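Read from first to last, the chains carry the letters A, B, C and D; within each, the first residue is number 1.
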């Protein structure tokens, strides 16, 4: 790397580190909802990407409506859009669990197929409702541009935002699962449904709320991704494989594993991307994940259980 | 590593730990040829784990398990079975979609590789053996019945039959009479006494009456260690055993 | 180069006169002349009756490509309606059979075969991606059909059965590179595209031109998988290389992510020259004008092109499809298809494919919204290249317009 | 003779089912469809290979492979490579800077044929490779996964990732593979023009014959002890292991067989459609193949063929007539099949057939007691299994 000053290399190093962290937070945000749905409940929700898309479209609608009816409000709409995204995705998730998922708990592979069908239907609904074109939200000024700590370092504001949001949501999920009474019920139900029912936990409600919560978090992720990319009817399909791999790689039942796996996948990919083409980086990352999964089928972090 | 012995099964310094918790802790246990050994102990004593370790379902953290002086800890499950160890699970584990006949036929120890299974033909020899075993486990008249339709006790017998047809030298049974009626228990005790001729048997059981009926020697496990070992009388009068297990 | 240009200009002038004469002659008597007998204008069993001729439109109406292809369908239908209002072709109204390629390449081949074999259409307007064209091409060649293909593409193809109404790669690329080299004094270039054939071929041509003709240097060449949305590392690489020009051919959803993240990384139009060959007015809707301000696109057509044809075209388009319709480069190129076919059929006096194909080279269109086009011997169009600079409102300001450029699908020295 | 009758043909019911299918493929469809539509049916039937392979591995083996598209695609690519080389003779490609290599290589500045393309000049090698390449890949994946006891959902997700990887690789290495366009413009096989109507008829019949052959082969496998073992493994894997079987070997075997069957479909696809592209390798086609099997009945070999035919016909029909409705319908079908008809068409037929039989019987004697009815319903899977076996 001749011909560059130390400052330049330092700046690139910082920014590259940030790129890795930014990808990490994106992957983690995508995976958190699934970590609850798949990791804790064991439901393979192939429509998870579409729940993100719901959040994204909600945010876009919000931005369009704000621009039309309350242009002065454009700097502030985003938090509300995220909240509403969460609520809508939560509500739809609640309904989907009621109508479909609860009948399939004993047949995980069938859930995979049924939710794939659901994802097709949702995609067509998006297409019919919002058109086939990719759309973007008008972002508030404070999400645009970059933060410049020094002359040669630019840290994207939207990246910082997504990172902060990820930290917030992760803490929320941790609190929910491990500190709240509700989380205790969720864990009890996932570990021993019959027993949980016997001690008076409404396992049906727990399932429904957990699933809906996972979907709601996907909605938040979708809303956050409007700061990074555009939204189309099939946007969700782009994310689904990566999301599942993050959760599986981390060890399905371990939330900490999900975080570690998102971190290692993100770092591996962004570092490799720096030295080779994006396609090869992606292929190598996926191959490495599969290779490691073959050595450790239970994922990075697994809970050993005496059977 | 231990030296060669005359025992059918020699377990030495066997330890397994799950995330630091030692379910089986430096266990030493020897089973003689043609012996019927019963393992008892309170819940969580590590009884089932010991069977899991012997048959390869769980991998040992340390120690050795020798079957006819052959180290089992390095073998995979099917190799252990082929070496002559049979295992019955706590809940009946049979192929519910297949008939009793097919259940026994699949368990027949021949042509257990892929090609063999493709070219497998029913021979008179196999048929005779299946019928023989079926009669022994009281299912001689139910050969064409789908296994899922059997009663709980019959399922337990069928699983024993599936082991029997392999003619193992060491047979391990995890709670074989759980869920059986009194009459079925008697029949099972009778069956066990018959089939333990010519082979070693390890039985895990809680039902003391049943244990008295069959046991040659009893091992009491507690917290992954042997608490006591000996004849039924010896064990029943052991104070430590009474304290942790029998007395309640 | 120079001789070609001169040659082109001379022909241009000459053909302008003949074309005007021709078009006047066509518009006026069309209705009054008795239609020629069907047996005379169709000898190969095409779907031609005494009053109608059937054509096919074959684009993706569903699936991922529907976004891009809808505009082309609209433009083709508009042109056909206009032709029918003028009395049709050879006294026959055009009837359309629309088939959906469903963003699925074999479906394109399948539907092309249906249109040609079952419906016996006289011509097809359709295909958008190279992959769909490549899939359908053998069918057109086997069944001897005729296809008008609207998209700017990588070149390296020339078929008896296809008229290419968009630009091939060199027409789009070379002038733009010359322009940035001259206007911006650019010496170093960073090439980035989505990972498939069109960007790769385009970048290959660009690299040769930069290195061999402009004497510049390519400091980086990068391809992101289709659908890629994380450009952080790539942007850092670009930053490290400090190129004078970023030359981009990213497509689809990736395109949006790419420009949003460029802006977020502080790489904006006032600090960095960026020239893209994959952003038309259609794409801007998704990307957002604010993320493109100051960057350049090179196309043969942008909506603000100043001429009477274009005004009429935009007015007609908006009247038919709504005031907020957007017309991109390909949409305009698709609009040319039916008109070029009409001219060729009338020149040949027949709908038969071989005769129409034989009549096609030399056909001129003075009524084209982009100004003037002419069909080359190699079935591509002579056309201009234009460079536009994007404004915050998503509109483009045309900053450069080339002379007519000769199409050269197999450019020597660039392969 | 009797053994053949019972094992290969599946007894009386199996013979009737197979005869009906053969009559449909060889007589009815060619009689009523023009060559254009028949060619489409031929294309659908190539997907039926993949659906049949999924009956083996998913229905019987309980292993949901979301990577059948990978094998389908590999088979197709092998065939396409041979045809492409034949189409790229030096005479045909004289205008290229390097004549004699496929056109897309020339565009990507390759000056000689990559080494792994060389053997595909030979047709016997190509036929071998069509089975061997996917078979070998399946073997490697199988050994790596099944020996380490990766199963269930994990296996599905990993095979899905493999489908994603292969697509990215093919698209990214366009100089070697033709990239996203795929390998197109295939014309002749040993000088025989595969685009003519007569060739299409012949290919259609070859395709149908192969499919029937594959069904017979699958029946042979399923009716052997191995078939019973598969079912046994699906339900009680540990028991099989403790009966002394090396479970992973059986899974690897059936996975390889399934891969090769899919690959045959892929090769026939290339021949009938005239090109191959990465869009048949990826995640979406792989899942669609699962749906063909699910709709037809995951336990029924013949059902899988009908499933592939019906879903694909529906796709063509609805996308022509109501393009908006198509995805709703497809999605709804997925959900309905999984939730209400887990045994697909074959299951419906079983129930329906049984009911009719019962009615006929009840005309003769007293109505059957309800107990037997529930019994019959409980045994659906095994009943369907017997139908296929």
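Definition applied: a residue touches a chain if its C-beta (ideal position, glycine included) is under 8 Å from a C-beta of that chain, and two chains touch if they have at least 3 such contacts.
None of the values given here were measured: they were computed from a predicted structure.
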item: Geometric centre: closest chain by C-alpha means; value: D
item: B-D compared against A-D, more contacting pairs; value: A-D
item: Chain centre separation in whole Å, for chain D relative to chain B (CA means); value: 43
item: Centre-to-centre distance between chain D and chain A (centres being mean Cα positions), rounded to whole Å; value: 34
item: Separation of mean Cα positions, chain C and chain B [Å, integer]; value: 76
item: Cα-centroid distance, chain A relative to chain B, in whole angstrom; value: 48
item: For chain A, residues that touch 2 or more chains besides their own; value: 127, 277, 279, 282
item: Residue list for chain C, restricted to those that touch at least two other chains; value: 62, 195, 223, 225
item: Contact footprint of chain C on chain A as seen in their complex; value: 4, 8, 12, 15-16, 18-20, 22-23, 26, 127, 132-136, 138, 144-146, 148, 154, 156-159, 225, 227-230, 232, 234-235, 238, 269-271, 273-274, 277-279, 282
item: Contacting residues of chain B [partner chain D, same complex]; value: 55, 57, 76-78, 81-82, 86-87, 89, 93-98, 102, 105-107, 109, 111-114, 117-120, 146, 148-149, 162, 166
item: Interfacial residue positions of chain C with respect to chain D in the complex; value: 61-62, 99-100, 102, 104-107, 109-110, 113-114, 117-118, 130-131, 134-135, 137-138, 142, 154, 156, 195-197, 200-201, 204, 223, 225-226, 410, 415
item: Residues of chain D that touch chain B when the two form their complex; value: 220-221, 224-226, 228-229, 231-232, 235-236, 238-247, 249-250, 253, 375, 378-379, 381-382, 385
item: Chain A partner contacts - residues on chain D that touch it in the complex; value: 58, 64, 144-145, 148-150, 152-154, 156-158, 160-162, 164-165, 168-169, 171-172, 283-284, 287, 290-291, 294, 324, 326-328, 330-335, 337-339, 342
